[in-house]
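Each of the two complexes below includes subunit A, the first together with subunit B, the second together with subunit C.
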Partner chain A sequence: MTKRTSQSVRWVGQGMPRVDADGKVRGTTRYVNDVDYKGVLHGVVVRSPVARGILKGLVPDPAFDWSPIVLATAKDVPGENVVVMHDRTMPLIAEIGAEIRYRGEPVAVVAARTPELAAEAARRVRVEVEELPPLLTLQEAIAIFKATPEKLDSMKSQDIVKGDVATGFAAADEIVEAEYWAGHQEQLYLENQGLVVFPQKDGSILAEGSIQCPYFPVHELNDCLKLPPEKIRVRQTAIGGAFGGKEEYPTMLIGYAALPALKSGKPVKIAYERNEDILFTTKRHPVWVRYKTGVKKDGTLTAIECDFILDGGAYLTISDVVMFRGILHCAVAYRCENVTIRGKVARTNSFPCGAFRGFGAPQAIWGIESHVDAIAARLGRAPHEYRRQIHARPGDVTPTGQVLSKENGSTACLELALKRADFAKKLKQVSRGRLRKGQRKLYGVGLAFFAHGSAFTGDGEAKFKAKGRVELARLEGGKPVVDIRVSSTEMGQGVHTIFTQIAADALSLPPAHVRFPMADTGLVPNSGPTVASRTTMVVGNVVHRAAQDLKRQIEAFASLRFFQGAPAELRASQLVAPGAKPVPFAKVAKALLAEIGPASGFFQFELPADIRWDQATFKGDSYPGYSWSANVAEVEIDPLTCELEVKRVTAIVDVGRVINPTLAAGQVEGGLTQALGYAIMEKIGTGKNGLYDAARLQTYIIPTALDVPEYDVKFVEYPYSFAPPGGKGLGELPMDGLAPAIANAVEAATGRRLRQIPITPESIFAALHAPQGGTP
Partner chain B sequence: MKITETIDIRFPKTLAEAVRLQASEKTRGKLLAGGTDLMVQWAAGVPIPKRAVSVWNLPELCAIEVFPDRIEIGAGVTHAFLRDAVQIHRHVPALIAAAATVGAKQIQARGTLGGNAANASPAGDTAPALLVTGGSVLLASVSGTREVPLAEFWTGYRQIAARADEIILAFRLPKKGKAQERFRKIGTRQAQAISKVMAASRILVEKGTIRSAAIALGSIAPTPVRLAEVEAFLAGKKLSPKLIDEAEKLAQATVQPIADIRSTAEYRRWASGRLVRDALENL
Partner chain C sequence: MSTVQRTWKVNGKPVRVRAPAGRRLLDVLREDLGLIGSKESCGEGECGACTVIVDDEPVVSCILPVGQLADGTDILTIEGIEKKRIGRLIQAAFIECGAVQCGFCIPGMVVSSYALLAKNPKPSAKAIREGLSGNLCRCTGYTKILAAVKLAASRIPAAKRK
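Up next is the complex of A and B:
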């Protein structure tokens, strides 16, 4: 093998194989359920049998032998009975005399030596509830809102106002108004929820398991467990998918397991089977969104007025922030001087909704991208031509007043998607409800165009200041290795690989020298949760900078130790200094470890000083950067049965610098497939009994390999230059826009606009046979 | 919940041994073939029986025999075997097509024709295709073998005509001869799908006239059903676009589907007629 020059050793930008591939392919990776925890008790949550009522009593069956069982109730909560997320309303576990607000709300936790005994014990607790009438669905809440808006029980409201919509509507030639609905969606990670809580001798707890954001429980359970952050240690085991479903929910699960663990002094494991996991964990928020838009004959959007209401379920948890991200995506991709967006989170007596890839943005984009097609149709304009006219581009001002920088590849995404999909030509072939010559199926093509804000909303990152270290602290098999110490979790998305690439480049070392141990709050600084499409952009930058810091320390040491003070540089695994013989990195590193001890590079993320954000008025720079995408979907509908098949999807994506093209393309295809399910299959709702009505894999339908269309995924790169290596958010963007692209394609195929997803044969049938379906 | 109940499973080596076990209440067990329905049901909370008797791979149940007028398919024949048994495809093409839509490859490798029939789900993929052959089921017990017409086999929701001491031995299916068969399943997706509606048909057309028509639907009633009124309406009539329109409407007027998690009653009613149209348009 020829020796590479330093220039050629660039790992960023290469499709390096995943560092975790071997164990996952061979099946040697150990998930929490693969570990044989000695002496562990198995916990089972006892739940409310009704959706709403007053908890009157918990009666253990006197005929049952309770001696081997640990039974924990609200009385066993060490501190204040509250899980502190974005408010303080949700108890960890319902108290006698208090109101039960959703079916399945925990009322007790039992633990025993076997899962079977624990399950039997759970069945032997009689839960007495005085029932009250529940409000179960968003449909009921919206009916109330439409009759009397102020009667809607909204847990959080937020408006975005730009200009004056009244002026905008007065200037309009046409008003286009419509409503759009979307239901729940289940994350359906491969590995169910599961974790173990170990009580420690000093009264602290250690939790490990399938946990997406280890630092969340550290700061959310303090009041409830009466433990300061340093006494709650959390670490991840290998995670078999999360998609947001293991973002905030494991906090509650740790809380449930902690009660019998602290009571008994023994470790307690709670692991859900699939049915329990679907029934009693968070889903994507259902949405109702109403757009009223004013438009001039020349196409100028003069006003966008929008009501965006999410079904938050019974407690707020993190739904306020989901709604914020939602309203920030309701109109961000188009030029309009007058915008009013009103966001709300409706309270219903259903399971609290939570984080799911996209986090409010897919719901917003589902509405606006359907609606822009509707406006184009009203104007008699082709959907792509119309988007060419009104789409946001560098220099434009968003609804919150943010000026889009040059680092937004919006136009490039739109144009390349139209070109690669041959959109204009295909649009001429669409059926519009009647088979054309040679067509056996109704054909449609649809477009969606959208942005996804990268990282925390507003000045969240500026306030949070993500921290991370890159350390040279140990030998492995006699060779020095560098450890990445950040709290980002690997859950299948590839962060262990891309951070290895970033660190390797920053250090000028091959990836074989770099390790990324799994996140453990006892060992890593808080670089924030693995959410919000922030990891590559924000924490990737932290890793880059911290690795550079470590590199400088190694170079300084080498300079003194090996080069008599001459400036040294770590380059391609060697320390080099002018006129001196290079010294291998391994030799320098060993000397450093032996003579000084571990070296640690550190960085704390900062945003540019000119970032402005006002959380009260929602004005300013709502995201540090934006990723962009355009999706084109081609569909065929069998006129015989209304069966819908998505044949081909073109997705052009600007996520800034692409760190690993292979993994990035895989993540886009995976996200598109999840969006495909959201668009045409995945249907689950709160039934009359308060339970989700499709809580098994038999009834909750997600796409199989045979349902996946042909994908054409291409990247255009507009890097976020402030934070090298310049990635922007990727994780959520592919989930955002395929549903409306498909709905737009269905409209082109059938001539009917469907305003509710999933779009199924049943809903296409209903639209085609409705007396007056589908306008505008 | 993990399945931890113990279950006493017997593995008889021959049919004779199996029917002897089933003859007595003391030794009788739930008949277990590929397990693709039962294992899922047990995992989902259906009570697990104390005893089971495995008929998986019983030699007498695994044969396919071809006679001049009919074929006999053993109850233990898997969907995968049927799918790949090219020598019988031309005799019962609808059944073969149906077998190829069961679950996915893994399920097809374990699931059996007899198990699919005995499970008696209204959505059983092979039932309509069996029904349109006009064939029968052979049931074995210690007292011998009796033949029950398929039309009388599914007696109610998840009910079959077999007695507790009987084992499904085989399906005796008249060859289609000059008739044409068609199978179409509307599922929830392209694989691993339970049907919303499905149809099988066996129709004999001579010189433009329908001599006989057998049409069966699944997932629209408590049992798989033949559309007797539509069949009677079609028999003896000249095939024409008008006739197809009328047959579609008649089918839609005849069926009484329900709504459930997979589909709506309205869609099922409409699609029932559409699948009748599909059968007739493809003659």
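Up next is the complex of A and C:
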């Protein structure tokens, strides 16, 4: 930790307590359901009772009193009935005569003075659908793909090609081929989805609630609500967790609430209860991934061929980009001259899958990290020794042709993880299916090594040009405060705190002078969505630069006003000039506000000029920077009950400059725990009737305080020097690698490779009692 | 449904409540009494976000009908925790240890921690885990929460320990 001095306090790098912690520990923080919205109507979505069919009719029960109810259907959509995400195929709400594509697809929205009355009204709408045979699962889609690849209904396909895999396989001594599966995962933010739409007198709307990306709806609902971006204003309330689940989904929710709101002229709130939230919101995409790899006796990987197919659900929404991030992580962490990766997004008649921390990368890393262990086993090599040989490091060329810079701590992560976990020694103690002397449980240790691309894929940041301001515009209690104006949302990850630290350092002011109001599209420029492990790296840089811009303006004013034109510097809360008595910041700021009005520092993000990306060929620099990690998991398995316990996890992480070590460690521990659930607990599917089969917390099981292992989390810092203060992406990385590390540990414990997560006692039992080789 | 009329002690103050017997305690607290610190997440007693202390025992208020609570029942919610010394120690330790992220589970976590430490001011690591096992958190991975409870316990003055 940097030492504090009176000259220049450095807040970046310190574990400063959260700026929003006080209200949260006292219970005074107001989430959307804690706000008393006077006169609001409560909206309930009426949904399709079947997974596929033709919507024939909506019949309101004539015995029900409809006079206090607002009933909105597709006829009430003001414009074209489409939610514009990454294509224009998804209607906001199904129309009579159109095809229903998933169970629960909205067909109407009702609104009433109480939630109970609205729910009753929703039940009184008979939804008539002529059923068609659905395709419900990824398993069914993959069966079609294996029989006749071109018959797979893929909503988006993309290949990555480097070298020539045929040449690579010809040069190989061994071919190792296997398939890996992973199921859905629910974000399970503790606060359910909820928001309110207020229709305004000028025909515009204001939406507020638990919304991760306020600028998304501003640009996605224009056609259907027939409103230009400036007439859709969106702001966040305190968010009780999101993890991607409140990224694109609230756009739909705003659209649903807007229909009865615009029809009635009254504000409409839609707040889900847990059951509805699990059944009818997005999940992590299930995946099927097949690796075929060629390898020489000396371990050289000569070819990686990979099919990576996600279950997108019924509509594309944002699944193309999830698949892109997936295929970009399928082989990025290892040296190989010949790579072909084919990505697809299968259409099924299930709820559209969506964003969830990791965004395709956990699925890819689940496959490759299981597979690298399988290759090592074929070669008779220890998994860590083999990764030491083939892992990517600075100067290596990725599958898209990107040369990794020196700012990649890949080797450091791997080596420190092996050392801290004492991996080589522990590997000698693993059970391999037979209890060793002194063991009462099967013991295993497993390793995973991986990267996570920071920020938007390819030249996304170059095109987007994130904007932000840092303003000196007001007094609070008579004291001047500086406001951070960016669209990044606080969801618990700590952005309000770390941006306060970054702005404080850039201004040379204590954090007490800095405020970070909740994101509101009416007040902040578009610095982009709070996604893609981009916030610290990209928007953090915008805040740093904008604060420096503001500092220069304050200094220029002070120079003229207080120092007769001598150059002034804002340093440690004072304006100082050579040979003059320092003037306190507060005095200067008040004079500035009184005499010339608010000052605003601005910055617009740009990528280095030499970053190149070709979206058509998928070649070039796929991410501006990479974070790295190595995870070691130790497991114990009861040989009789097959109960699996993860005892200890070592996670070494390179996320560049660590802005707040306490918060960063919390992000890692929380992400690892979600990955633990993904690996061994969280099971949910759509097999029976298109409805998720675990609809509540009694059936969808997430880790409790009794389930978490001992975590050893350490950071190694390889900062992204182009964008001070130099952070790289942190949020998603901890979700990426623990599942394969655990699967590799289970293999070491049992001698059987499990190729599907979650790994449950049932699946371990089946593997132990299978004739050989593990599960399919 | 029959309506009940009760006088409870809520956060140390007498409160008269009139509600249908089957109305959930959580709704009475949040809607009738304006104590919005207790949260609803699962609505079926699984997640602990609505935890309050009823006659010294932590309970999930989302599945507790008020008809079951007699006159004189003593209810402590997150809003009353900070009036207790141990409660303040817990809140300070949560902030200090970085145990808070989105915050939605935190009122329930603080209340469960209080229930634990009020009875057992020197809990073992296992006892802390068990004491919080009814409270789900999706953000933190629990590690810093467990550390915060341990830190708070270490600061309880010896005289307060039973």
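One rule holds in what follows: the second predicted complex is superposed on the first by the 765 of 776 C-alpha atoms of A that agree within 3 Å, B and C clash if a C-alpha of one lies under 4 Å from a C-alpha of the other, contacts with A are read in each partner's own complex, and residues count from 1 in each chain.
Keep in mind that, in the parts below, a residue touches a chain if its C-beta (ideal position, glycine included) is under 8 Å from a C-beta of that chain, and two chains touch if they have at least 3 such contacts.
The shown structure was predicted, so the numbers you read here are calculated from the model rather than taken from an experiment.
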With the two complexes superposed on chain A, say which partner A:A21 touches: subunit B (first), subunit C (second), both, or neither.
second
Where does A:R30 make contact in the superposed view: on subunit B (first), on subunit C (second), on both, or on neither?
second
Answer with first, second, both or neither: which of subunit B and subunit C does A:R696 touch in the superposed model?
both
Looking at A:E273 after the superposition, I want to know if it touches subunit B, subunit C, both of them or none. Which is it: first, second, both, neither?
both
Just checking: does A:E116 make contact with subunit B only, subunit C only, both, or neither of them? Give me first, second, both or neither.
first
Of the two partners subunit B and subunit C, more of subunit A gets touched by chain C
Just checking: does A:L706 make contact with subunit B only, subunit C only, both, or neither of them? Give me first, second, both or neither.
both
Intersection of the subunit A residues that touch subunit B with those that touch subunit C
273, 275, 696, 698, 703-706
Subunit A touches which residues of subunit C in the complex?
36-44, 46-47, 49, 77-79, 82, 90-91, 94-107, 110, 128-130, 132-146
Given the complex with subunit B, which residues does subunit A contribute to the contact?
115-116, 119, 273, 275, 640-643, 681, 693-694, 696, 698-699, 701, 703-707, 761-762, 765-766, 769
Interface with subunit A, subunit B side, in the complex: residues 1-2, 4, 40, 44, 104, 186, 188-194, 196, 261-264, 266-267, 270-271, 274-275, 277-278
Please give the residue numbers of subunit A that touch subunit C in the complex, ascending.
15, 17-18, 20-31, 33-34, 187-192, 238-243, 273-275, 491-494, 662-663, 665-666, 669-674, 696-698, 702-706, 708, 711
